[in-house]
Structures are given as structure tokens and as C-alpha cells.
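Before anything else, here's the structure in question.
By letter and in written order, the chains are A, B, C, D, E and F; residue numbering begins at 1 in each of them.
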Amino acid sequence: MECTIRDLIARALQEDLGPGDVTTEATIPAESRSTAAVLAKQELVLAGLDVCREVFHYLDPGVKFDPFAKDGDRIIAGTEIARLAGNTGALLAGERVALNLLQHMSGIATLTARTVEKVKGSRARVLDTRKTLPGLRQLEKYAVRVGGGSNHRFGLYDGVLIKDNHIRAAGSITGAIEGARKRAHHLLKIEVETKNLEEVHEALASKADIIMLDNMPIDMMREAVRLIAGRALVEASGNVTLETIRAIAETGVDFVSLGNLTHSAPAADISMKIRS
Amino acid sequence: MECTIRDLIARALQEDLGPGDVTTEATIPAESRSTAAVLAKQELVLAGLDVCREVFHYLDPGVKFDPFAKDGDRIIAGTEIARLAGNTGALLAGERVALNLLQHMSGIATLTARTVEKVKGSRARVLDTRKTLPGLRQLEKYAVRVGGGSNHRFGLYDGVLIKDNHIRAAGSITGAIEGARKRAHHLLKIEVETKNLEEVHEALASKADIIMLDNMPIDMMREAVRLIAGRALVEASGNVTLETIRAIAETGVDFVSLGNLTHSAPAADISMKIRS
Amino acid sequence: MECTIRDLIARALQEDLGPGDVTTEATIPAESRSTAAVLAKQELVLAGLDVCREVFHYLDPGVKFDPFAKDGDRIIAGTEIARLAGNTGALLAGERVALNLLQHMSGIATLTARTVEKVKGSRARVLDTRKTLPGLRQLEKYAVRVGGGSNHRFGLYDGVLIKDNHIRAAGSITGAIEGARKRAHHLLKIEVETKNLEEVHEALASKADIIMLDNMPIDMMREAVRLIAGRALVEASGNVTLETIRAIAETGVDFVSLGNLTHSAPAADISMKIRS
Amino acid sequence: MECTIRDLIARALQEDLGPGDVTTEATIPAESRSTAAVLAKQELVLAGLDVCREVFHYLDPGVKFDPFAKDGDRIIAGTEIARLAGNTGALLAGERVALNLLQHMSGIATLTARTVEKVKGSRARVLDTRKTLPGLRQLEKYAVRVGGGSNHRFGLYDGVLIKDNHIRAAGSITGAIEGARKRAHHLLKIEVETKNLEEVHEALASKADIIMLDNMPIDMMREAVRLIAGRALVEASGNVTLETIRAIAETGVDFVSLGNLTHSAPAADISMKIRS
Amino acid sequence: MECTIRDLIARALQEDLGPGDVTTEATIPAESRSTAAVLAKQELVLAGLDVCREVFHYLDPGVKFDPFAKDGDRIIAGTEIARLAGNTGALLAGERVALNLLQHMSGIATLTARTVEKVKGSRARVLDTRKTLPGLRQLEKYAVRVGGGSNHRFGLYDGVLIKDNHIRAAGSITGAIEGARKRAHHLLKIEVETKNLEEVHEALASKADIIMLDNMPIDMMREAVRLIAGRALVEASGNVTLETIRAIAETGVDFVSLGNLTHSAPAADISMKIRS
Amino acid sequence: MECTIRDLIARALQEDLGPGDVTTEATIPAESRSTAAVLAKQELVLAGLDVCREVFHYLDPGVKFDPFAKDGDRIIAGTEIARLAGNTGALLAGERVALNLLQHMSGIATLTARTVEKVKGSRARVLDTRKTLPGLRQLEKYAVRVGGGSNHRFGLYDGVLIKDNHIRAAGSITGAIEGARKRAHHLLKIEVETKNLEEVHEALASKADIIMLDNMPIDMMREAVRLIAGRALVEASGNVTLETIRAIAETGVDFVSLGNLTHSAPAADISMKIRS
């Protein structure tokens, strides 16, 4: 929600500015005005332009922000992404926080787009995970969507995903699924993690809605997909990389999920330049 | 400060748990107790163990947390980093947030250590930047120190760093430095960014405490260091990578700063395994 | 999560106490100690005992709280629910906030239990709605469970429920369901609201997971259940009362949902009495 | 104060929306615009229209909100209370929170108006109590005023009300009143609770400003009023209902206070309908 | 309330410590332990010892805090007020915030005690005002009580005080008092400000509970007290100083209120000394 | 930063207004509008006008605020500082909070200006300290600047100041300075406290950037300045008063710091008067 993002921006600015930008206060007249350009310094898929603008507007609603691109656009190195005009102190005070967010989100969108590209033509959709940074999940998952990926559940509360720990505690896959069906609300599907074909069999028998194939060899995955035969959705997960994802997608799974989209995407190189 | 970290943890758990962990509530008895192991799945430099423990203690002060390593240790793949014992629901509810932080911080420490290794034998110290993620700066800068790096200023408020924008607004390097000396408080040094030798000359003449060489070719850097001759500290900055840092360090600069330590370190691979 | 409840208690106490309990401060010595009894003054199903205890512990962790019943117990008028011992000022400062919560939650549990009783023997489960009071949803939904009811989705984020407004915007039931299937994450089922049998047909054809029968006459509901024949779950909704719920349940629906469980349950009559 | 209400709205929306309205996001175009009508579905006394509008403006300041009635109006079933126009997503995201507040506040105003009607012609004013829901006291007490009732003290800090517990701790009514007069600030009156005529005598002798008759039989109340004879204000309290309040009012008391105005008022039936 | 104080301490420490105490971190081992003495460097009336202790306990619950005096004690220069033992870093991190609060509160208590001393033997009680610093009202008003003064209303919400602005808006003293009697709740007395004897007459006729004599000459005050003759309480206010208060008190007023107790009390000189 | 000030104002208004201004609500029509004048009642140096305006705008953005002076102006008694026009209730609700801040800040600016006046002609600059009130440091330090003083470090995080406690823990001045140089970031200078000439010698030898002369007799200060001879900046500190500061300044120190600028400045006398 809007207000969460605003709180995030407030905290980020507080973190960076504290009691004030001593350099700018000491060298630039309070009434000075400038224009500035936000520039891509590498090829990237843009994500986070709204957040970027909000950072400056939080500091000074009078800053003019003119975008020349929009989220989801593939941008080449050297492109001017947006132009700003306003109080110089506000531009300099917001610069780092705005770029930190824009670079991080565009980094995720760019990596996601590369990943989605790899599975083109297969039925598999690329999913993110809950492996996100504290406070940034909403922005990171948005960036995944911008890059062409799909979101997995947002948190522990909007989806049932039974893992080995739950199975062990419940005694069996069947027991865990039955418990979940009885206690979780009726709008949630039930996904269960499996490590081998025997577990896939049991998950099917218990009428799991989605079956996760966790860290399985490619052959076993293919066999699992054959076995399931459309009676449940299938998600492949575990140590998926840009190198391995194509082969996984070709086993016929419905989804492939990767933590690295969010936890290991390098920042996209973007800078801000005061023009005048 | 402690309470900031606690707030971060509270927000992260709120983000992940929302109104509750529906899977665990539906499949695991509320009174169930387990032990769990935190495991390194790659070689890494550990950072964030205290934060990791705090996540579980926030959820349940009764969780027992026994570490087998400490921050700064170099860990090989397969090492058990810590063992936990306590309420199963609390262990599962905290798992993702704890690992997200531990993996991110260890990722930064690991990349920093690799970077520091590269400049061994030179006089140069490796510095981070303000290119950090919102709300995580304190943890990220801590991880840099754990990895053997040093911190640059924390924010815009605890160091004067005059960049080209300030110079342009002030009319000259000399003007900007004089303004800063007059208006910033007397415990802050003054660093100024330079792009060529002419600017280095002016910075020296204006008695800058630290001179940043921004994006200079190696030869120009070497010449700048010779010119400065100990009359100011020297920081090299701009597009530094693992490949280029050695050559930069050998020019004789005092510091090399890199944004990628914090904004592009891939997460270290760490998982949690319920044992019983 | 625990911390949300604690925040709620903090706000409630702040609201009631402000800068202090002037009467108690003026008439009772600061070191005075008392015991007190929490008493049911009507027959009720108890809910909220943990929250009640937390209110007193928030004010003074030294207050002793001995419960003689537990959430879910059916209590007759005159029963002593719990005994407290501790600082008199803390007992009096917490009394009203603790009782306000306990009376509200027990009121909901009591009304829910009466409602569940009405449908005994049918297959229908009694569901709550999102018609809750700001900040109290988690406690109110807990009280519904304590009273034997089940929860519907917690908010707008953990379940897809397509209502007439969505259908109109999407052009058709089919269009809305297809959009939802494509864009909502794969762990969420899709429920759709229908007003007549024609819409039920379309919902079935579009493979809705759950079909809501909104404000239908009993005969139409019965026909809809026959039509659906187990191919989707069925929820009856709209103006359900204690008088009409039995007939609705007997149509064979899987769920009946009622807003009045939470928004119109009268407070249960519970008081606190200082004993000595 | 305004900001407290705004915080309440923020929390309520956060509670209901969490990371987003998945149904609307999946089925309705982000730029879609609609008009909607807020409709009374029963006869009621309206309260909360400003809060209702604020909910939508919090989400989107661009939503147009045209009221056709105002707080305090008696509305018949079928009346259009207000018309909204704006972004469809904002209208649907705010609907439930806005209605939950409006229904609750109008429910209280409606019950209060019925109660006030009962005592018409007597000197008695109808008062609320501190039996309110956490975080909602200001809105609930406002709704009582809208319904024609008066407010009792807001919390423990803006009025001295000596109850039996304080009397016991102070040793006597006289002792408690003297303590309060000495220690509470000079702008606060002193009210004391009495259970029988003997206590009324003592309260009078100690010059209590207000005497509460707690749970007395009608005859004893009448005698108490005669005894007090205008030397103190008189408040009747304890198990007052719509059935008993007339007789109580006719004893000549100045005030009758009832907890059920706030803790047990059923929600008024109000809905929102998207028109186009 | 406790939690408000704790929030104040948290904010104060955040303000002083920000991302950390760089000096202590750079010069003192993390595990170092010390003892320290809190010392009075002037004669003073002590106030704030609990808050002082809370500052250190907020940082480290393990700090031992042994007080040698208590709030309200008159202390001579050189007295050791308390001894602390614990982690050196925590002692140094808390020192300034703890002393800032203790010095401010003791300064107020000391000035209040001097002021109360001046009116000894008269019937007048010394009152504070709402002229306090943001966020510190509760602590400042507490310090006034510790110094022997009494509190006026806490804020705008717990007392009716009709000033000239209200009178002008209401048309007359009589009109304002009648409005207040009708609309403010029945536990609040009504005080009215008067500037001359004519206004005193009108206030009496309107049965004001308390009459404030604002900035009147001594003779007029004496005449006003005679006129009122116990039919209302009397408060003198406006430019009261240590020099003028005795004469004011001797006119027979019940209360004298002074803003300078809180807004102009010089800090008491107190320091902390690390012993070992 | 702006938002911190806004939070401070929000808390201050919440503290003063709580659930509402009962007097104004009871006596002044909600739609009443007034003009008001803010008046200086003594000679003063104005500080805080922006904050004053923000208080009213927080309550009602429609209040018109016309200043007739600006921060830093020396104002004589009787001057109209600003004129306000707007909703009467908003003017009265904001009055006390706005004046409390304006009086406090102007009090500090006025005392600072008097102090700066004393050292005119010397090279010494007047510095504040960290002896400020919780939550008000930014405003208080701003007021010092307005009065012509300079700020010392803002908190423990933006300057290294080695005091006797650090020296004792580090073993020697030399040890402490070396530790600080190694561990504090490179943009921070190092100041060290000295009590006698021997320590001054050691500080010089260790190349301290700034040497503080703590509580030294005038003669010793003069000797220290001679000794240091420009090789470090020199700050005099400890029990500096309006009476002693001239002599201290004339010893040739660069800075004199005083806690009383912030912790003991009496409030400037400023009032608000409703005109019509």
C-alpha cells in the first residue's frame, strides 16, 4: 500500500540525512535551483520510477519530475531516464536514496527478464520466493513482475506450502494435507513439497492442489510431471540458475521458482547528474 | 543502536507473517518443540549471527540458540553454524527472516573479504559507500567491517564530501572548501572530489583534508598521489571492480571505495534444517 | 502476531489512561496491593483470556493472574473466570481495557456458538466476514474460531473473491475468472459471487473453485447446490440470521457466512471485583 | 484530533489491504474509474460520514465524495447517503473499512437516539461510559453525541470518579473525597459511587460534586434524589436498558449512563454499490 | 504512562547515538566494565532519578543502579546521588541523555521549591501551567510536584478554562459559562479568566467554579478575593516572579500559577564520573 | 529533517490536545474565524518562526500566517512578530504549542547573542554542547546558530571527542588517539580533552586535530594556546559563564563551548492575542 512505501522512504531518508546534509548546507545556497538527469549507465529493464519520484516529492513536493521511460522498458546504456528540476538541496538530499532504490529494483527486473527469456517457449512461468530483504518485499516482488516474472505467495499468511518440516511434524504428507484442508481458510490452495516419486504419489493421493519438486534431478522431474498428468500444478524449486533453468522448464513443470531473482541481483548502474 | 535493529526485525516479521503462518498453524501442534541446524552451503565469511538470534528471540525468548562459529569466521560448505532448540512454530516462523538477513550480511562480508584480499600488501584500505539498501545501512556497513573493510561516512551528516555539484554551485573548489570550513562543525574533515590534476592542485591549495580521485585513469592517479605527497589523504573511487582494484591500490592511494560491496553482493547460501 | 496485540493494548491503555488515573492516584497509596476476581455475570463462551492477562502484564509484569477457565469454555453466570493479585493501581488502571476486550471477544464467541449450534448436523460450516472493527480483526476472527466458527479470508490480500463490481469491470464472470487465474498467485483459489442460476452456470463453466450464492431465495440455493454437484465449494451469504440459517444450511451448501458474528455481537457481561 | 483518526484509518487499511487487493488487481484495469452509491438499508441515525470520506481520501485524494445527508440525520431505508466517483480500485479498496466504521458509528447513534427518546420530558441526560472498543473511543463517543446523548469523562485522566474500590482503600467515602480534593487538580469535580442511602448521606456530608447511584432499586433512587435535593448532581448507573430507563429517569436524576450504547449497539445496515 | 517515558528515552538515545558512539567504539573494548558516580555539583532538589535509571536500563538491562537519595530530597553540592556499575560503553552512551533529563527535572524541582518556600504560611498553592516543552510535560509536571508545587490541568482536554478569547467569541462571560456547562462533561469544573472587578462580578453571577485574576494589581486582587468570599476558588496568574509572589499570596487567593517553573528553570548542575 | 519536526509537532499537539480542547469546543462555534497577533513582550532575538507556522498548518493548512520579522532579527518589546488568520478553534488549539516552541527557541537565540557579543573582537567562536533536551536538539542547535553561535558535533556519531574516561580505558592519550585514528572513519577529526599542560603536550605529540582545555585556569589556558601554536585547534570548555567568557576568549582559543546556551536559557516572553 502507498503508505508503506512512504514509510520506507521516510526511514531511508532519515537514515541517510539524519540531522542534515552538512556538505550541501555548507556549500550551496538554500534557494539554489537546478535541473538534473537520471541516466542509465548499462542496458537494463527499468523498475522503480514511481518510488524514485516519491523520494524527491517526500523531500519537496515542488520538485518537477519528467520521466522519459516507464517501468518495464528495456533501456540502453546512456539513456536519460528522467529529468528533475527543483531546489538543489532537495535534489542532492534525495539522490542517493532514490538511486539506491531504482538501481536495486531495476537490477531485479533486469535479472528476471534474462531468466524469463531462458524459458521462452516452455509452459513454465518464472516465480520469485520469500528470499527478499526486510522491508523491501513489496518493491522487490513488483520488480519481478516488471521483469516478466510472476509472484509466489507474499508471505506465510497467503498460501499454504507444506514443507518437509510440516510433514515430519504431521506424521505424513496425507496427515499434513488433511490438517491444512481442515484448518486453513477455504480460499487457499494447498501446495506440498516432495523429494522423490514416492512422495509425489502420496501428494497426488491426498489431492494436493500443487506439488513442488524440490531439488530433484531432471529425469525425476520429467517422470513426476508425467505421473501428475495435470491432476495438480507442478512447481520446480531448488538451486535453479540461469544455466539450468531451460532444462528444468522443458520437463513440463508449470512453475520454476528462484531465490536469486531477489537476493542476488546485482544493482543496475544508474546515476544522477546535475545539469545546471 | 539495538532498538533500530529490533524495529527492523519487527517490521520484517510483520511483513512475512502478517496475521499468521497458516501452514504451520494448520499442520503442527502449538506445543511442538524441535531442534534445528543453521548450515553453510558454500564457503563464506560469516556475518549477522547476532541478528539471526535476535529474530528468533523476538518471536520467542525461550528459543535456545547455540552458535558454533562467530562473525568474521571463514566457514566451509557443510559447516553447522548454529543449533536452535525451541517451539517448532517459532523456529519456522523466524526461519526465512533470519536467513534472509544472515545470507545478505554474509554475502557482503564474503565479497568484502575477497576484495580486501586483492589489495593485500598495498597501503590501501577498502571502503564501502552510501550505496546501501533502505533500512539496512547499519547492518550492511557492519558486514563490510566483518569482512575486513572499513566504513566511509555513515550518511550525509557525519562527513563533508564536496562533489562536482557542490563545486559548481559554490563557483570553485576553493570557494566550496572555504564555505565548508566555515559552516560545518569543527570535528568534520573536508573531502573533495577531483576529476583531473588541475583540480587536485586546487584542492591541495585549499588545504582539503582528503582528496578523492574520481574515475581517473591509473596513470593520472599515480601522478596525483605523487603530487599530493602526503599533504592530504587520498581516496580512489568510481567503477572499481575485483579486476581493477589491485592496480588502483598500487598507485599508493590511502583508500579505495566500492559500491558493489553492498549493492551487488550475492547472498551467501545458508539454510536451516529441522533435525527432530 | 504477538507484537500487533501488544501495540493494540498499548494504544488502548494510552487512550484510557492518558497522563494518568487521577482518581486512583488521589485515593490509593502507590504501594497498595489487592486481589481481584473476574466474574461472568451471564452465561457465555469465554474468549480473550490471554489478551486480558496481557493488559495487566503490560502495566505491571508483577501482577499474578490465575485463570479458572480457558478460552472456549462455556461459563455460567456467577463463575469466577480468573483471580488477579498485585498492585492495586495497576489492577484498577487495567480493569476497563481488559474487560472491554474480554467482553467483546466473549460476546462474539457466544454469538458464534449459538449460530453454530443452529446448523448442527448439516454439512455447513459457519464463516465470519471482513465486517470487523478497525484494528480488532485478528482478535475478532480468533473469537469466531473459539466459538466454533471458521474464518473466511483475513483481508483483501489472501483470497480472491470476485464480486459483481469485478464482474462488471471485467465484462463477464468468465473474463474475471480468467484474469484472476492469470494474475493472482498460484496458491490462491478463486471464489465468485453469483446472484442467480445463470451466473452459477457460468461460474461452473469457468471452473471457479468456490461459488458464492449471494442473497438467493432458499429454493434457488437448493437448486444451485444440485447444479454444482460437488464441482465447486458453495458458500451462502447475505442477510443470514439466527432465524434463517438452519434452512440455508439444509440446502447443502458448504459454508454460510455472517457479518453479524463480528459487527453486531452484544458484549458479554463480565466484571472485575476487588476482593481485598 | 485529526491525526489520531488518520492513524486509525491507516491501520485499518493496512489490516484489510496488506500487500494489496488481489482480486481487484487481477480483474480491474488500474485506470478504471467508477461512481458508487453509499446506501442505507435500514432506518438509522447517520454518524461517521467524515470518517467514511477520509478513508477514501487516504487511499486517493482524487476520489470525489458528495454527501446527500449529514451526521445526525435520521435516514430511512433505501436512502442514498453519498455518491463517490473516482478510481475503481480505490473505491473497492476503501469500501469495507469505510463501511465498517460508518455502520458501527451509525449503529451507536441509532441506539443512542432510541434511548434518548425514551427519557424525553424528564430532566435526565443520557450518558455513555468508558465501555468502548480499543482505539475507537473518540469515534464512539462522537457517535453518542450525534445520537443526542452526552459524554461522560473520556478516560481515567479527565474526571475523578471514586468507586467502591477506592473507598475501601481510602477507608471511607469521606477519606477518599478528601484525598481526591487535595491531590487532583482544581478543575476536576469529584463524583462518588454509592450503593445505599447511608452512603449517599456520607457523600453529601463530604460535599461530593456528583453522586452516582449504582444499581439501586427505583424506590431507593427516588429517595436518594429527594435526600440530595440539588446539593449535588445525581447519576444513575448499572444495568440500565431501553426497558428500564424511563422509570429511572423519572426518579429525577440528572444523568443516566449506559455501557450498551457503545459496547452492544448492532451495526447499522449500510452498503456501497458501484453504479457504473 | 510508563510506555510514553520509554518512547521518550528511545527517541532521546536515537537522537544522541544515531548509528553509534564513534569515540567509545574506537577507544574502549566492547567488554570493558566500569563503575560511575552521579554527583550533585550544586545544592538542589532532586527529581528524575527513575528516568535516569531507565535510560541506562534501556541501553543495557544489566547495568546496576544504586541510588543514595530519592526524588524530593534536598541535596548539597558534592553529594553522590547514585552509583552505577556495568558495561563501560553503555554507561558512556547513556550518560548525556540521563543527565540532560535529570538536570532539567531537578532544575524545575529546585526552582519550584524556592517558589513554594516564598508563600509558606499563606493559603496559596503554587501551580504550574501548560508552558512546557514538547514531549516533556509529564516529566516537568512531575518535577513540579516533587518540588512541592501542584499541577494545573494537564492539557486542553481535562479542564475548562475560559479565557478572553472564548468570552469574546461567546459574547459574554455569562454566555461562555453557560455554553461550557451545557457541553463539557459533568466532571469538569469551569474556570473563567477576569481582568477587573466588573468581570469578577459577572463570573460570580454565572456561578463559575474558579475565578482567575489575570495580571491584576495587588489591590484589585485583594478586593476580588473579598468580593468572591469563598463562593468560588481564586487563582492569581500573570507575570508572577519570586519577587512578587509573596504579596500575591497574601491577598488570600487559593492558587498562584507561574509559567517560569517549567519554561525558565535553569538546569541543575549534575555530572557523572567514571570511577574505575 | 522536515519530517522529524513534523513528528515533534504531532506529539506536542497530541500531548496538549488529547481528545480535544473542551473549552473551545464548548464556547466557540466550529465555523468561527479570527485574526491573531504574535507579540514580543521583551527584547529578544527571534528564532523558530517556521516551526511556529508549522504548528498551525499541521492543525489546519488553511490558516494564513503573515510574518513581520524573520529568524535572527533583534526585536524590541511590543513588536508584532506575525499575524494569523483562520479558524478560531485551530488558532486556540495551536497557540500554546506554537508559543512554547517559539519562546524556547528565541530564549536560546537571545542568550546566545548576548554570549557572542561578549567575545566580539576575539578569534573565539561560541559553541553549544550536547546538553540539550530530548527530542529538541535539532531545534535548539538551530536557535544557537540563529543567535550567532556555532554548533559542536550533533551527537555521539558525527565527531570523535576523547574524554578522560576514554583515555583511562585506552591507557593513555596516545593510545586513545591511535585507536580512534584506526577505527573511526576518515572524515572525522579527533578532539581530545586535556586537564593540564602535560596532557596538552601528549595530545600534540599524538597529532590530535583539536585539543580541548577542560576547566583550566586562565593562565594555564594562555600557556596551552602558546604551546599549541596553531598545530591544533583549541576549544575551551567547563563552567563558562557570561562573566568569565571574555577572559577565556582573550587567551586565544579558537572555540568556547557552553552548556547553558541550551539547558538554561530562560524562555523569551512572547504571547498571542486574538484581535477579532
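We take it that a residue touches a chain if its C-beta (ideal position, glycine included) is under 8 Å from a C-beta of that chain, and two chains touch if they have at least 3 such contacts.
Just so it is clear, the structure is predicted and the values come from calculations on it, not from any experiment.
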Farthest chain from chain C, going by mean C-alpha coordinates, please. F
Relative orientation of copies chain C and chain E, as a Cα rotation angle in degrees, nearest 5: 120
Repeat of A-C among E-F, B-F or C-E, where over half of the residue-numbered contact pairs coincide, is which pair? B-F
At what distance in angstrom does the C-alpha mean of chain B lie from that of chain A? 22
Provide the C-alpha centroid distance between chain D and chain E, rounded to the nearest whole angstrom. 34
Can you check how far apart chain B and chain E are, centre to centre, with Cα atoms defining each centre and the answer in Å? 45
Would you mind listing the residues of chain B that make contact with two or more other chains? 17-20, 137, 154-155, 157-161, 185, 188
Residue ranges of chain E in contact with chain F within the complex: 8-9, 11-12, 15-29, 32, 34, 88, 92-93, 96-97, 99-101, 103-104, 107, 130-137, 154-166, 168-170, 175-176, 179-180, 182-185, 188, 259-260, 263-264, 266-267, 274
Interfacial residue positions of chain B with respect to chain C in the complex: 10, 13-14, 17-20, 58-59
Quick check on the complex: what are the chain B residues that touch chain F? 127, 150-154, 157-161, 185-189, 191, 209-210, 233, 235, 254-255
Spell out the part of chain F that touches chain A in their complex, as residue ranges. 1-4, 137-138, 141, 154-155, 157-158
